[in-house]
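In what follows, subunit A forms one complex with subunit B and a second complex with subunit C.
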Partner chain A sequence: MVPADSPVRELDSVSVRKLFLGRPVLVNGNQLHPLRNRSDALLDEVFFQHIVAMSDSNYDRQILIGVNRQLALRPVELNRTAEVVAALHADPNAVSFMWQRDVGHNPELRVIRVLWSD
Partner chain B sequence: MERLVSSLRVRLIGVVLVILAALVPPLYLGISAIVREGYAERFVNSLRAYSRLVADELEALDERDFDQRAVALLDSAVLSGQVVFAEIRDGQRTLASSIATAPINVPARDDFHFGDQGDQTYFITHTLNRGDHAVLLRLGFDEVPTIERIAAAERSVLLVLAAFVAASIAVAVWLSWVIARPMVRLQEAAQRVASGDTDTQLHVRSSIREVQELNYHLEHMRRELVGTNMQLSQEIREREVSEQKRLDLERRLLHRERIATIGTLAGGVAHEFNNIMTPILLYSQLALEGVPPDSALAKDLARVIAAAHRARTLVTRILTFSREMDSQQPTVFPLRAPVEEALALLREIVPANIEIVLNAPAEALPVLGDASLVHQVVINLCTNACEAMRRSGGRLAVTLAAVENPPESQVAPGCYHVLEVSDTGHGIEPAVLAHVFEPFFTTREVGEGTGLGLSVVHGIVRSMGGVITVHSEVGRGATFHVYLPAPSVQQQETARLASAAG
Partner chain C sequence: MRLSYLLLLAGLSLCSPLARGDPWQYELLLMPSAQAVGTFDRQAPVTEIVDEVVQVDTLFTVQKGPFRLFGEYLLSDHEGDLERFQLGWQATEDTVIWIGRYHQPTSVWNHDHHHGQYLQTSVSRPFLDEWEDLGGILPQHFVGMLIESGYQVFGSWRLRVAVGGGLAPIITPKGLEPFDLLHPDSEHHQVGFQARVSLHPGGELSETGFGLLAASDELPTIGLATPPLPGLDHADLKLLGAFGIYAAGDWKVLATWYQAYEKLCSPVMCSSGNFGVGYVEAERHLPHDLTGFFRWEESADAGQSNYLKLFPMMVRQRDVIGLRWDFVARQAVTLQLSDTNTLNGHFKDIRLQWSAAFL
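Then we have the complex of A and B:
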């Protein structure tokens, strides 16, 4: 999920993993900013299983290793969907994820990749 | 001992078991949870990374030979050994691995945790973005190897905990023995002390400091007890000696009072008797002068006069005993002089079977008093000794010596010149010994003795400030000690001046 005015058109799964593991991802010279949506538990599970493809403790470990070695930035974590939407509106280089039902027909948001379908 | 050891053992084991019962189950559950968590995380990490790789590979496949390559990739996944189910759903179309797998029920939704849904398979569905549509990749990972690893690890934990429990019980048993052994020894030692054996030292070796301290304190108590017992025994002995001395003094006081009473009585009688004897003797001598010397009457009068002299001698002795007799002025004289004089007289009259020996030092051994009284003392004592040896013969030894603080209980501490008269005669019976100084007490036949000899000696010695003692064993003779106080220089000088003036 990116803002409608985002320069990002598509992202492969490896770029998504790099982004949410805090590693720099550049599109048209702009560094993308990951927003981790923590609005519900199942979304968290999907994040670990399908986006970063590791366990939660391993994710924390990788983030810590990356931050300590100054290779990575910890993704911004937001606990409510509205906050995620607002953050996406505010930053054209922001990238996040949310349920399809929460996106609705918001014209200011754009889906660039389907991560998981139940 | 066994009772104490077993009691301590049971208690220690009981305490250990209670502690283990409280600690081991939560410890086991905690360790199991950690083990399970670790294996589960490793499993989930592994399959998520692997499935993501497969999904990425499939997503990158070219559209032209997608089906063929996708099936090959699914086969490769199954051949890895971890994947037990692999298929791709593209709308109504399904691509599955060509390698047959066991029939499996695919759940409606994904697993997100190890062991979810209890089917021993971890199902994960990746959405592959292929152009304008999404394709679903479903993979099932076998959880059984991980479950078995977890079970094996839990068994290992259980075994380790069981070994820990067994070791704890063994340590408890060993500790009970280590603690109980010195305690038992201490108990035995305390029982010995309680039963009266206070000489055995309490010495129990133990590596336990508290036991060492207990041993130290018990030993300290034992020593205190021994000290107190010794002190009590000493006090009891002193009291017994003191009581014995008191009884002895009491007996001597009674004896002295008795002698003094008898002496006073005898003195009074003797004085009156002397008055009676004076006219008898006087008129008998006058009558004798008036009759012919060869007449029968003259012989009778001579017998009367002789008897009167004997009576007067007897009266004189009684007066000497009672000190009613006029005493001469005391002088200082060497003890040896009257002794030698008396022995010279005795040698003339004693039988030949009696040997008389005098042991006297060279020094003068001065005494204060009347030398004739000492002469009488020696005559009386030696006469009795010779009488005791008259039939069997023997040895009469007279010894003079200077003694300081004599060992005799009757004699007060001080310097004395001693006259010792000992014989080897038949000795004196203990019952008789207590009465030998009493006046008129005699063991001789009637008419052979007056019973005044030793009582006179006793009176003389007492009048000189001395003490007379007697020791005898039946069949081994008798020994008399006459302790006469050694006069001081001042006393000697005073006596010399008085003698010169008199």
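Then we have the complex of A and C:
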């Protein structure tokens, strides 16, 4: 999801994967800023399975490789949902993910893609 | 090019209106390593390769908007060097333009691993990719401009292109000496060019692929006591090469071959020749976080090359075998055995290395 004033209307799965591997993703010339929501363990599982499509250890290695090859920056990691919401409000180019229940009816946030449902 | 100019340009870029409104982002990565090395079965007086036994590789990145400042400083028992220092501009999503000191893109191994020991499976790197201050025979560090770009082709395939041009190393009695940003001396360094093109069937994030490499350098020679050509003042070196990487499941195989065309010149005459160098490395993930690897390095016409006479530690053939154990997250222990033939002798060595990454 993104702030309501974000230039992002939609992101395909490849772009989402690239973004959270720390690689540059631009929309209308603006570089998007990924925020990794680490507020609960199940979200971590969803992140590895449905966003970056790799294991924890492989993801860690890909981040190290990206930094070493001057290609990538590790996504900012936030441990509380409130911090994610605040960061989204503060940055129109930020992109993150959270449970639908945490989005609620917040008019300042916009869902651009549903990653997983049970 | 002076470090102070790069820093000034970095400051202007990172604080420019083009970056206004974007957050500051930064990253610091430390990759320490330590190894114990033993050589045995030595034949001929000069056989042991210079080594860095303990080192810390420090990488930092600062980014704001489309501008990025990147640096790599290596501190070891052998040296302290600013290995890479680059100011980058993300021109498009798929194109970055760098200026500064960079690793030349025609080295597949160094492009993938740079100085970070933790990120390479084996302890040693193929000799054709060895760093200049460790007896390497090919220029690796340049100061100039590097452009890296990617394009989607043939549906989901990815075409990657990297071209660079900058001040190449010189050749002294110590071997190849790159331009040093911290102690700049551009009096003798000449401009060299490199290009790398590769295709990756699996798309943008795929490692599997194959490509072509080309480079052209003029390397002045300074202070050589007994050059292979009397009065030698420079060596022209042109490289053409090809590489392939296959990475799928538990396997990774990479292979590179360069054909080098040399021309050594004095004020009154030139001597031409050519030689080939290459390697194949296979790695396989095994249970219990183990990775086995084997590498075969070979050369062609190395003994006839006047250029290679400038590098007494030239490895003309080597077999490497080893086992890596990632015993905890971001730490590994690697055991490696090598059987090495240089131009003048032969030796075997065993290495035990601890390596790590802290982010």
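Of note:
The rule is short, and it goes like this: the second predicted complex is superposed on the first by the 118 of 118 C-alpha atoms of A that agree within 3 Å, B and C clash if a C-alpha of one lies under 4 Å from a C-alpha of the other, contacts with A are read in each partner's own complex, and residues count from 1 in each chain.
FYI, a residue touches a chain if its C-beta (ideal position, glycine included) is under 8 Å from a C-beta of that chain, and two chains touch if they have at least 3 such contacts.
It should be emphasised that the depicted structure is a prediction, and the values quoted were computed from it without experimental measurement.
In the superposed model, A:Glu45 lies in contact with subunit B only, and not with subunit C.
When both complexes are overlaid on chain A, the residue A:Arg113 reaches subunit B alone and has no touch with subunit C.
In the superposition on chain A, A:Val25 contacts subunit C only, with no contact to subunit B. When both complexes are overlaid on chain A, the residue A:Arg80 reaches neither subunit B nor subunit C. In the superposition on chain A, contact of A:Val14 is made with both subunit B and subunit C.
In the superposition on chain A, contact of A:Asn68 is made with subunit C only, not with subunit B.
Set against each other, subunit B and subunit C differ in how many residues of subunit A they touch, and the higher count belongs to C. Legend: residue contacts after superposition of the two complexes on their common chain; A:Ser57 is shown touching both subunit B and subunit C. Residues 14, 17, 57 of subunit A lie in contact with subunit B in one complex and with subunit C in the other. Within the complex formed with subunit A, the residues of subunit B that make contact are 41, 44-45, 48-49, 51-52, 55-56, 59, 109-110, 112, 124-127, 129, 134, 136. In the complex of the two chains, the subunit C residues touching subunit A come out as 22-23, 25, 27, 29, 31, 59, 61, 63, 65-66, 68, 70, 84, 86, 88, 90, 92-93, 98, 111-114, 116, 118-119, 203-205, 329-330, 357, 359. Against subunit B, in their complex, subunit A makes its touches with residues 12-14, 17, 42, 45, 48-50, 53-55, 57-58, 113-118. Contacts from subunit A toward subunit C in the complex involve residues 14, 17-18, 21, 23-26, 31, 33, 57, 60-61, 63-65, 67-70, 73-74, 76, 91, 93.
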